[in-house]
């Protein structure tokens, strides 16, 4: 049902969706949109539509999982059955379980875990629609949800992928580039600490290409970081307005 | 919320209802505001988002080609699934579907199935061999009470929004052809849920009313004011008179709510 | 393998098994037939053959399910693999889980739950043979098993369905009427309190038909209620005889 | 029962057995009363109910058409399943089958399979493609000890009672024809279970004897007094001499119990 | 893919692998080969390759399984997916669950369970390659692993099968004899106590054949018992050497 | 080990690494001794055992005939599974695969898949219908740290040792023919894992170093010194400079370790 494009980059050097190689997709971020969660955020990045909700710090169930010296961070990355071309079973796949782990480990370095011993923080990420780069967009949203929940953090975590489409290193791969391209390098960053908290790669890259891709992804992260901060500000300004 | 505050609030809700009033200012048979948006998820064959007050439901449909059930070889298959997504409420836990989400899915499913909303015969490709399987996934994104009515509405809105791909059969294989056909949806069943509080029936209970109610009763009503599905829930009871009163009210409310849908 | 009957009601107004529209199937009830259960009952209604057993009030496992102010009622509706035409897997289906819930909620209003805080009562219903209307017959038997276990109750719960076969409202649908008929309305009742504790419906009924079906089902309930009480009495008379 | 009472009773059971006696008056190699009823469940292809004292077992069979195993393309398939139904004992819990019910099912299965009771070749429809799959579901309805012997008897009685539908093959499809044929059951394996208590062997232990025994030994014996399956259970042991003694006794007991079956 | 041999015993009375009827396969046993387990053993018997590891006595999880008066012995018999002709799913099969039970019950009589109340001992058996008779070889290895872990024992448990190939009673059946033969009688023994702790049988044997098979299996057990003791000695001698 | 001893040891490890040294005497970018044995399990289509210091991995392959994925109808299927066998460590529990073993399997899988080590097109039998399915089962037999590198090496060694049966297609059925063909393995991806301890990178962490590390980084490198898979693990972070430094070192180490394989 999917057409195989001959070329991912056209003669003008533009990508299938008209972007330049170093251009992000259009991004929309909203903070605090779920009434029942302690913190939440919504991100739209290209056709990705992702919700993140945070509960906690709260009592852990089952209790024996609690740690005496720090909070336990848990994360579930989950895809809605209708979020992808072929219906996804709601039971967690091996991919879901791996992504839940790497997303959690990308967020952990940003949190002062020792502030809330014997408690747990739960992060729930729901992919309502997937369009390539969901793990990065999930991290970007989940970090905002943590901030919205008032969890003390060293910095926001922001994530973005770079990769290779035909012979060009490109930023923020969408679904087709991800599947047909030569490589995908998702990166998560705490910009103020210059700390890479997630790094994965699929594909084949020479050292030079890899270096270029990492640097491009970091540039993408910094751009999205600005949007993250604006979204947080927007939430608190709107709260302030309501309160005034 | 501490259980003391909960009990004070429950008392308040009950006292008000005795006077024919509700905590949020509604009349006993008033619905909260209903918003229906169709077609938000392009990857899905059909989708809809329903806001019922603060209760938020997303429903999406997917179509696959599969085998019919052996007792209905000429009919397509409908599968309704409901997820109580854990970000919708601190009381929802991740994991395989439990009693509550299974009941929710089955009540939504029965409304569609029993009202004959879908023309299952038109979903048959090759009798006994190949039929369309319609998946309806109901996703609860925020829980503020009355999940059944909101989910049934979202499921129906998603079905009305669903496009089936065209096909032809070549040498026993189904070949996809360009273009789409709408799903054959002929009826529009609407679920209307009552809570019994202080021996009175109210419609569309929100979360705190659900925490106060003795029992729950859902009546699903089709376009011709027929009853097509009922589900009683909760550990209380109704009198036979209340049951018939509920059916009457449900018929009025269903007609009002049906207007929120586009087809 | 199943033949499709043309008509569910013949020219004389009789049903496939020779019953009149408002007639119950033959019913046989026995109380206290399981030696190891705290309470038990067996019901045969048409070709339905159903066992109900009750354990409790007893300690709850796992303990964290216990409630400080009342007993926890649990119910499992389960079908033997050989009870239906096509072998049923012994793992609980979604239907089994829903029926377990509605049966439990049909029985709960009859029990003084607050008498036994921190305990649990387990109801196990086994369908040895299914012939339409198993949920109603299960409620009728389970309520007797609760009484047999000595659980304090407001009233017995009794259940019966009415529905539509061709254009006639009929009582106590058997399997074929259930599958080929126009509607099925199972109702559970505490007769002395005029309290409907279960109400479901499948099918299509006008308001008038619905009203008639509910009233017919209630009439059926009251008839079976008499048999329930006789079965209880028979058990206690036989016990008395043994003791004397 | 408190553990003190249990221990007093166990002492009593052991003391009596030392004197060649049992708490319920039986001799060491006596069975409790056995009742076999065949054909109680009309929906099942075959069924039987066995009472062994107060131990009650229901067994039902179902027949489906399925695929043979790749290493036996010309043979039908037998699947034995056992459920320790929770109403049969306060110690049985609902949920997926555990160690005990799996062992029970497999011991019953081996008795039937190894004795060649079923002529599996006759259950082949199309070699490598289609065979009859025979499901035997053993349902424990009351547990008063010695589930193995009662279950094996119930399973065999249900098989003897089983009717296979007639069929013919038309263009690679199996068509059901009117009428039935009995299942090809040629042998009648009988399980005989021993408990070792106070270093003595007794047959057919009831519940309290099982709670007292050191170990359990089941010998399944065919019509020609061959041993066809054995299972030792429990955390005790037997001497080689006890094993051979048990085999001898089992041959006698099997012949007696086989008479309870009709075929 | 497997060939059906016409005869399991040739004209000279020898078996497919050249053994005489009463001859064991070649056996290699090593004790203490797993660095992290409290006790371990490896056995190669024909083409069987089996590892057994023991942990404990240690705290039991979940705690409610602990017993006030004795240790809880647990056993898992598990086959590597590549250990058999057709790939075995790593999830436990019904056969695996039964074998885990009978192996545990074969080992239990040898252990002074009452020495370590409120604790647990875990035995893990991994079949790396299966060639018939894995349950017996597993018991032989697991008993050595228990001894290696320093668990106080009444005697070692050793196991071996006898059975029927064509019309001959043979010792220590390999895979083809197991599958094509007429009967298989696995036996476990504590030689010093003359105590049979496992006995199973598949197939058809007259009383005389059964008697002969049991006695032959017991003879096999005693031969392997000698090798068991040598393997234990070898371990402690090598330890002594290292310490000196 | 008590947690006090653990903390003392961790301090010791960190202090040494600050001086460019390690507790076991290795330099920061030295591997432990690596031993690779291929072909130990005759029942498997291919097998290998890798010792990396005391870490011991067994990998075995099995080949089945199955269906291709619908989006790659002309390609065989690779399935990598990893078991943290409970006898390998007191911290491994029996049961279905958890997060750690799933990540391990997926990292090994990605290395093979992304480097195009296997020529999947050559594993196609009948496009869209029948392909070879290659199972690689990674079995951790002793856990002394750096499971990823050892597992990736064992998986590749097992694939290099794997024989595919010959076949021909007769009337739509696959017939096995005598003889074997080696699996088409064209690339040799090597995983190189770094631990970050005290802000320094070390290669091939053993168990106690893993218990001390802040974060883990695995780079998989192909025969032409391309990066073909990366996985960061653990709750710490790396600087961008450390990432590039790791890639450089990984290219050297991969070339060394690749020599341990025979093909």
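Labels A, B, C, D, E and F are assigned to the chains in the order they are written; within every chain, residues are numbered from 1.
One rule holds in what follows: a residue touches a chain if its C-beta (ideal position, glycine included) is under 8 Å from a C-beta of that chain, and two chains touch if they have at least 3 such contacts.
Everything quoted here is computed from the prediction, not taken from an experiment.
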### Query
Tell me, which chains sit next to both chain C and chain F?
none
### Touch-network distance, chain E to chain F, counted in steps
1
### Task
Let me have the rounded angstrom distance from the C-alpha centre of chain C over to the C-alpha centre of chain D, please.
32
### Query
Using CA atom averages as chain centres, what separation in Å is found between chain A and chain D?
58
#### Entry: Rounded Å distance between chain A and chain C, as computed from the means of their C-alpha atoms
51
### Query
Mind pulling the chain A residues that touch 2 or more other chains?
86
### Message
Residues touching two or more other chains, restricted to chain D: which are they?
### Response
97
### Task
Examine which chains touch each other and state the graph shape they make (line, ring, star, complete, other).
ring
### Task
List, in order, the chains that make up the ring, beginning at chain A and going on to chain B.
A, B, C, D, E, F
### Summary
Touching chain A in the complex, chain B uses residues 40-45, 47, 54, 58, 60-62, 64, 81, 83, 85-90, 94, 96-97, 135, 137, 139, 141-144, 176
### Complex contact set, residues of chain A against chain B
1, 34-37, 40, 47, 49, 51-53, 55, 58, 76, 78, 80-87, 90-91, 122, 124, 126, 128-131
### chain A to chain F touching residues, read off their complex
2, 86, 94-95, 97-98, 100-102, 105, 108-109, 185, 190, 193-207, 210-211, 214-215, 218
### Task
Would you tell me which residues of chain F are touching chain A in their complex?
70-71, 97, 99, 102-103, 105-106, 110, 114-116, 217, 222, 225-240, 242-244, 247-248, 251
